[in-house]
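I have a structure here, written as structure tokens, and I will follow up with some questions on it.
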Amino acid sequence: MKMIVAISFIFSLLSLSHASVVDFCVADYNLPNGPAGYSCKTPSKVTENDFAYHGLAAAGNTSNIIKAAVTPAFDAQFAGLNGLGISLARLDLAAGGVIPLHTHPGASEVLVVIQGTICAGFVSSANTVYIKTLYKGDVMVFPQGLLHFQINSGGSNALAFVSFSSANPGLQILDFALFKSDFPTELITATTFIDAAVVKKLKGVLGGSG
Amino acid sequence: MKMIVAISFIFSLLSLSHASVVDFCVADYNLPNGPAGYSCKTPSKVTENDFAYHGLAAAGNTSNIIKAAVTPAFDAQFAGLNGLGISLARLDLAAGGVIPLHTHPGASEVLVVIQGTICAGFVSSANTVYIKTLYKGDVMVFPQGLLHFQINSGGSNALAFVSFSSANPGLQILDFALFKSDFPTELITATTFIDAAVVKKLKGVLGGSG
Amino acid sequence: MKMIVAISFIFSLLSLSHASVVDFCVADYNLPNGPAGYSCKTPSKVTENDFAYHGLAAAGNTSNIIKAAVTPAFDAQFAGLNGLGISLARLDLAAGGVIPLHTHPGASEVLVVIQGTICAGFVSSANTVYIKTLYKGDVMVFPQGLLHFQINSGGSNALAFVSFSSANPGLQILDFALFKSDFPTELITATTFIDAAVVKKLKGVLGGSG
Amino acid sequence: MKMIVAISFIFSLLSLSHASVVDFCVADYNLPNGPAGYSCKTPSKVTENDFAYHGLAAAGNTSNIIKAAVTPAFDAQFAGLNGLGISLARLDLAAGGVIPLHTHPGASEVLVVIQGTICAGFVSSANTVYIKTLYKGDVMVFPQGLLHFQINSGGSNALAFVSFSSANPGLQILDFALFKSDFPTELITATTFIDAAVVKKLKGVLGGSG
Amino acid sequence: MKMIVAISFIFSLLSLSHASVVDFCVADYNLPNGPAGYSCKTPSKVTENDFAYHGLAAAGNTSNIIKAAVTPAFDAQFAGLNGLGISLARLDLAAGGVIPLHTHPGASEVLVVIQGTICAGFVSSANTVYIKTLYKGDVMVFPQGLLHFQINSGGSNALAFVSFSSANPGLQILDFALFKSDFPTELITATTFIDAAVVKKLKGVLGGSG
Amino acid sequence: MKMIVAISFIFSLLSLSHASVVDFCVADYNLPNGPAGYSCKTPSKVTENDFAYHGLAAAGNTSNIIKAAVTPAFDAQFAGLNGLGISLARLDLAAGGVIPLHTHPGASEVLVVIQGTICAGFVSSANTVYIKTLYKGDVMVFPQGLLHFQINSGGSNALAFVSFSSANPGLQILDFALFKSDFPTELITATTFIDAAVVKKLKGVLGGSG
């Protein structure tokens, strides 16, 4: 008898949690999204697989001009992160690989070196440059929104994992913003003082127009 | 008699407000600051002058290479803004003036044109460029952390006021970060694909080293 | 060949950004909204026009009892602001114009005088009044949620732009809340100690009922 | 004439407020929810009843094994709380009643004793235990996410109201998480060092499996 | 042997927690405060008494013009609340008692009636008035920053506890802001349209000047 | 001449950034801390070493009862993280190693497996258990404040790095909270239904008292 009451009491708690957005909000990509992230998948349909992600297990393809790859696990790829204020990515750098100068408009970043040697740095609003050579197990933090880079400064492949203080940090690669876009050459020249000839040459390499 | 009780009741509320950090936290630059801003000035020493700022009344000096000036009223200049999540700046652009490509690492920005004609734009993480020509009274928003610029696209002086979604938005001017800093030329070249010769030339103009 | 790989790498980044809510969330007024703002317009349909707003270019109509007008550019009017934590408004005050005592329930405000002379002030929780006379180019900050006002204290038209630390600051005008609503007169009298006769007279002027 | 202009001015403000998410966002449980809460009910359909809740007026049923009941008024029960960052609950403890050790994953809690005597405590990350015996009118705060409990330490019924720093604080009761779930016994034993026999016995009482 | 290692491992965790600001930040009123609250008391000096508050146990003195009392337990009174985003207060209303029209600039509020009958209401930015009569155990929410009131609508004493979505919600009582301050009468009249005679009379009652 | 003006313009920007708390706030452990973190080190004294951390490079000592070690890089250890909303830790698990059931009161967590095989899981507020076996390169997310664990489910050493959505996530290990503290046995028994004999035995092993 007591048991029956207890169990009904327990089920009332269960129903509460299922009805509410408590604990987590796994992204449902078929519903609208908003400033705080994606809409939530119905809790009863959520499984353990929504909280795990396999997409960072394989090395990214580094057969490209930067000899490097950034493989993101943001809320757009990893539904379980939605609304939790954190995400991550895998950095693969072949010998000579470079993650070009870039920013994450909405997040700070921490990097941990898993393999190889990485030279990383960022520039502050005061135009001060902070550069470190990082070895296996070393960690570096890049404050929110600042220009930063990672270079493979060893002779072999390098691997790092990075985490972000947002489920949706964004990634703006300077060269792609300028030279892989349709940013008019005259405006790039006017706002960066880089000669039009240089701009056009880099647009040719990266596929930009305008 | 009732009055005496009422007044004592009123004073208890007064003392509460004075003791707490309620309502505002005018910056006291002589005390430590933290991630949320500066320490608070003692409320009893706060006057109306702490909430007003005269530093944007005069045009900035545009006799420089960019023919433009950014005059900030951030928490570091305007103590009354501290902790309130908003700040502003004045943009003066002489004929041909340019606010070079830059970001605000920690804030979104809205711009309103007061005088003249301004061509403004930003680039998204998707490398899409959004550009508008703005006239007197027009407003434009620049989402947090993205590269953006303003150019005087009219023949006469232009004036705009901008506001930020932070008391401390930061300002990272791309050319200053690269060419007015001690960012090593070889690393700039490696992370931007801009030729060393171009980098050295721009460092010469802007005063960078390395 | 390298180029093909590089471009595929670049497009993977593009697709990521398009899929995610990164960078911005332009309001789609046809979808549900939530505590953080409106749902996001599909990024591929967003254009530069979503980030600009023309509605503040013209002076508001000041031919009314307050000889003033507040023209908002909040997220409900300016879709590009959605979720970015900032908004603005235009204040027009004819000679003798007054923005009556009001609050913004969810935001702090900064004001910059563009034309004329404005006497502005606010009252703190400690019942301290902070009042300043502001001239062209002067700035004042009004901490979140506090009663404040602006009066044209010069002989000619005055113009100011104000910004808010929220895309959705709200605007509660004291007189409209009391006298232009259906707030029962007996409750207004009981909770403000203002005589019923005064309340009824002001309701008559402003169109309140109850 | 003036009146007509004034009223049109007033209605423009009204329409603004109705169109925007300003002030409040009463939950509409039929629309999607997201990380920030539920979608908003159309403001024109909101009534005073959306802001009041009657569900805490009656004592919870304490005829159960814990001789206690937690009756929540979270955003899932009280639609008017949605997005406002606060919620509450009613605690009823019969003689000998216990709210077992639990956490609120997303919120801090304050408790006020209305009737009876309650012994309450929490454990910090430093494994320090803070315990107080609370009498009628006493208040205690439980910092976010820490294990805490409440026990009726008097001879008669006890009543308390608790509030949370979130509209959706969550409630994880340790014994239910371990012994009323399908948490495999071998994993509970491995991660808590509690003998399998003890785990199985408690699962039997609380209805757990695995 | 194992034990020694285990204990050293345990102490390393202890020292970590003591060194960091984790879990709580009990206010130290002798150190500077900032926008996020007061500085933290040294964790080793924190006791259970810092997390409990006795100041709401006794009824407030209602022998005053409003026949009511608001007794706050904000971070300025209750050090343990500092930085936790929640606070509370006790409302005592004698027969005929009124908490005059007021706002909390930085927080939403929930009220629960413990004794008696309370008529409570608030006005939205759309000038819509939401009023409810609340009985023992009823709850009402008042969204952030909006004008609201509570009236004892029964014949006997009423008691309520209110909680706020901030450790430091602020309290701006309309009548005190206008009539118990040094707000110049001419400016009150100009910004509220209330006759100077009425303003002066209320200032006389409440002790205002100017 | 132009250069001189330009450089003075540049220095004004420099001084701004140095004066403000913009970009970062490296912890100064000798100054007070507050709810938002530690006070900031003077920017001019900050070096690249403040943004890098070497403490996770070496494996933690797993010669203890759990055959595992958690090595934190929170703001209390890694000053450069202060105020940036992110931190990390290294998990070393020898064969048979276990990170016992625990919570992080103030943060969500993501885990990436670097070496070996890890069985990880968490329990929701609805008492649903989500368990996954993770291999090299797999990622799992643990939503804020929920009980979770990691077990080495392979035959060899396992290594993982975890990141948190706070610079100061906290760590509450269930067994240490209950059995390595001075939590009175009678209260543990009353609030967990675990027999006193079992509690005393575990306190004996872990060093608890009371």
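Should a chain be cited, it is by its letter among A, B, C, D, E and F, assigned in written order, with residues numbered from 1 in that chain.
Note that contacts are C-beta pairs under 8 Å (C-beta built on N, C-alpha and C of every residue); 3 or more make two chains touch, one makes a residue touch a chain.
Owing to the predicted nature of the structure, the values given are computational and were not obtained by experimental measurement.
On C-alpha atoms alone, could you tell me the rotation angle mapping chain C onto chain D? Nearest 5 degrees is fine.
Fitting chain C to chain D on C-alpha positions yields an angle of 120 degrees.
Please name the chain that ends up farthest from chain C once chain centres are defined by their CA atoms averaged.
F
Name the chain pair with more contacting C-beta pairs, choosing from A-F and B-E.
Of A-F and B-E, more C-beta pairs in contact link A-F.
In angstrom, rounded to a whole number, how far apart do the mean CA points of chain C and chain F lie?
That pair's centroid distance is 41 Å.
Using mean CA coordinates as chain centres, what's the chain E-chain F distance in Å?
One centre to the other, that is 34 Å.
Find every residue in chain B that makes contact with two or more other chains and list them.
In chain B, the residues touching two or more other chains are 13, 17, 22-23, 32-38, 84, 105-106, 121, 124-125, 127, 131, 143-144, 146, 170-171, 173, 176, 180.
Pairwise, which chains touch?
Listed in label order, the chain pairs in contact are A-B, A-C, A-D, A-F, B-C, B-E, B-F, C-D, C-E, D-E, D-F, E-F.
Mind listing the chain E positions that touch chain B in their complex?
Those residues of chain E that touch chain B are 29, 32-38, 61, 63-66, 69-70, 72, 74-77, 105-106, 168-171, 173, 176, 180, 206-207.
In their shared complex, at which residues does chain E touch chain F?
2-3, 5-7, 9-10, 13, 16-17, 19-23, 25, 28, 31-40, 82-84
Help me check something: in the complex, which residues belonging to chain A touch chain B?
Listed in rising order, the residues are 98-101, 103-106, 119, 121, 123-125, 127-129, 131, 143-147, 149, 151, 170-184, 187-188, 190-195, 198, 202, 205, 210.
Enumerate the contact residues on chain C facing chain B in the complex.
13-14, 17-18, 22-24, 43, 47-49, 51-58, 73, 78, 80-81, 84-88, 90, 107-110, 112, 114, 121-122, 124-127, 130-132, 134-144, 146, 161, 163-165
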